[in-house]
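Note that the chains take the letters A, B, C, D, E and F in the order they are written out, and that residue 1 is the start of every chain.
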Amino acid sequence: MKFSVVIHAAPYSAQAAHSALRFSREVLAQGHEIYRLFFFGDGVHNASRLAVVPQDEASLQADWEDLITEQKLDSVVCVTSALRRGILNATEAKRHELDAVSIRDSSEIAGLGQLIDAVTHSDRVVNFG
Amino acid sequence: MSCLHLINRSPVQGALPVCSTLVRGGDGVLFIEDGIYHCLQAELISNLPPDVELYCLREDLLARGVGSRVTETVESINYSRFVELCCEFDKVVSWF
Amino acid sequence: MPQKKILTFLSRSAPYGSDHAQLCLDMALASAVFEQQVNYVFLDDGIYQLLKDQNAESIGAKTLGNALETLELYGIETVLVDAVSLAQRGFSTADLLLPAQPVSRAELSAVLRDSDAVFNL
Amino acid sequence: MSCLHLINRSPVQGALPVCSTLVRGGDGVLFIEDGIYHCLQAELISNLPPDVELYCLREDLLARGVGSRVTETVESINYSRFVELCCEFDKVVSWF
Amino acid sequence: MPQKKILTFLSRSAPYGSDHAQLCLDMALASAVFEQQVNYVFLDDGIYQLLKDQNAESIGAKTLGNALETLELYGIETVLVDAVSLAQRGFSTADLLLPAQPVSRAELSAVLRDSDAVFNL
Amino acid sequence: MKFSVVIHAAPYSAQAAHSALRFSREVLAQGHEIYRLFFFGDGVHNASRLAVVPQDEASLQADWEDLITEQKLDSVVCVTSALRRGILNATEAKRHELDAVSIRDSSEIAGLGQLIDAVTHSDRVVNFG
């Protein structure tokens, strides 16, 4: 089956982001497809490249990136949510005259149209928040 | 079309009072994260119709030290079964 | 292009205290723009979004009540309000800024059954 | 020492049930943000002792379109009075 | 240096679902390190933090139950649990990983009265 | 009187950060002192310099910075909360081999000791979250 997973919660502030990661891995392990990951609202912090966790803890952001890269997933961060929360790629940083990139390369910034496209192309949409 | 309802907040914060008035026979309810605390007290889930399947996520029970306290009407499952349930029901509704 | 889907949004949060109400609206408007069939439901604290005379300037926010009027503008015709939530909070449809249709829990349950996907915020 | 309690969540999420068992005569309760919805229905605040002063923040009422609906036992105040109250009571406890 | 103050922490959140329980503990431990007098109170869903046999490895988190044992290590002697919250959730003190002292609402109210500052998470 | 204000919530995701700003302004307008602003948990996002809001909206982060600068306030962001959430100054960025600074100059990064110090030196501590 084709799944899309929508993540509404920031890492660490809530467990939901971790549940979403664990669920996504299991979806793929069972041979299903993930059509898209969509990070919305506070969920955009999962794509941060600046977050630092203590050495004895796993980085949820790094774990997402590993999954996305290894499995060649399509991972989209909602542009409206991202800008408000300081999650910027090079294009957005330049446009707003800021000198820092805060998003990981593994996710792209796009509009809510990508969520609706995911809903129309997926057999199941599962939200975590 | 049948529906798997996900409940992830504790009973005092949770949406179960509303959710339980909207579930239908043949639906399922899966308790995850802080939602699993619903499954420790039978009276918290007694408003759900009898023909609704009840599940809770074992990883979340074990983390919270309550693996042995789940009320008998609720089936404890792992992530693998969680994904299977998402396929068996026609859609998934998350109540957060 | 896949067929048109039926998307239902359960907007369950009060306005302003959190941004959930705005996020839920954003998702629904995007669905309408991309020509999906949308049901928009005000449930639980979501009914507070529908009260008249909101003006969020005093708290440095945009007035959500005004934004809700775009639901019709974007062609979202099925705007429902949970009658139980409304009564529990002491309001009637006369208090609402939109002609949202009051529905029973049984009717809402049927709306969920007939939806392809449900979002809940 | 007297206490000003701040309630900023709506009745369904809020801590008022617990807070109301801990307030004492001479304390105050100030409803702000989504907490102001408590002040529209007298029964929601009827468990508070009679010798507790009740306030709600006017800016938050006006934003939500309910300035004229506040129950008569609650006094509507502005930010200036909010700060004064913080000085008049010995401490401030925020319930979120 | 100002005099020692009495700080009370009302820990009202379940562990793991959010980070509130951890943040509340962090504040209390810092207070103890800086030699304030600390009351630590488990209230509402906070009592779930005290259940035995927690092991959060399965959800990629640190086990909060273990961290709570540092309360004593840091010299925090007044560790209270709200008896009403405990009973409402079907637990007794025998279920708890710490010898937290059960208190009534009247006693808790007196604790709040006698505190210089109260944190609530 | 001496106040300290503790901010537990991110801007925009919740109203609490805006309430805290409005309250702090009023405290100063009445001639009281603010001993310290302390940003904790998700509250650290109030010190982000990368957050971008639409042109027709006020930036809460910029408003905080204006208040802090004009009134010469002591503004502290909790280090543990900040690192996890990608709020870094030059020192922390260098230490963790990241090339971006995401905190505004008007706030400094420090430990929870600064919160306890604020409690012991203030007549009133008010939390928003």
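Keep this in mind: contacts are C-beta pairs under 8 Å (C-beta built on N, C-alpha and C of every residue); 3 or more make two chains touch, one makes a residue touch a chain.
Just so we're clear, the structure is a prediction, and the values are computed from it rather than from any experiment.
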item	value
Third chains touching both subunit E and subunit D	F
Copy-to-copy rotation for subunit B and subunit D - C-alpha atoms, rounded to a multiple of 5°	180
Reference subunit E; chain at largest CA-centroid distance	C
Chain whose Cα centroid lies at the greatest distance from that of subunit F	B
Distance from the mean Cα position of subunit F to that of subunit C, given in whole angstrom	34
Length of the line joining the C-alpha centres of subunit A and subunit D, rounded to whole Å	39
Centre-of-Cα separation between subunit E and subunit B, whole angstrom	28
Geometric centre distance via CA averages, subunit C-subunit A, whole Å	26
Sequence positions of subunit D contacting 2 or more other chains	8, 13, 33-34, 59, 91, 94, 96
Touching two or more other chains - residues of subunit E	16-19, 44, 59, 61, 116-117, 120-121
Interface hub residues of subunit F, defined as touching at least two other chains	8, 12-13, 15, 19, 22, 41, 125, 127, 129
Pairwise chain contacts, counting only pairs that touch as defined	A-B, A-C, A-E, A-F, B-C, B-E, C-D, C-F, D-E, D-F, E-F
Subunit D partner contacts - residues on subunit C that touch it in the complex	14-18, 44-45, 48, 51-59, 61, 63, 65, 89-90
Subunit A contact footprint on subunit E (complex, rising order)	16-19, 59-62
Footprint of subunit B on subunit C - complex, ascending	12, 43-44, 84, 105, 108-109, 112-118, 120-121
Of all residues in subunit D, those that touch subunit F in their complex	6, 8, 32-34, 59, 79-80, 82-84, 86-87, 91-92, 94, 96
Touching residues on subunit A, where the partner in the complex is subunit C	8, 40-41, 80-81, 111-113, 115-117, 119-121, 125, 127, 129
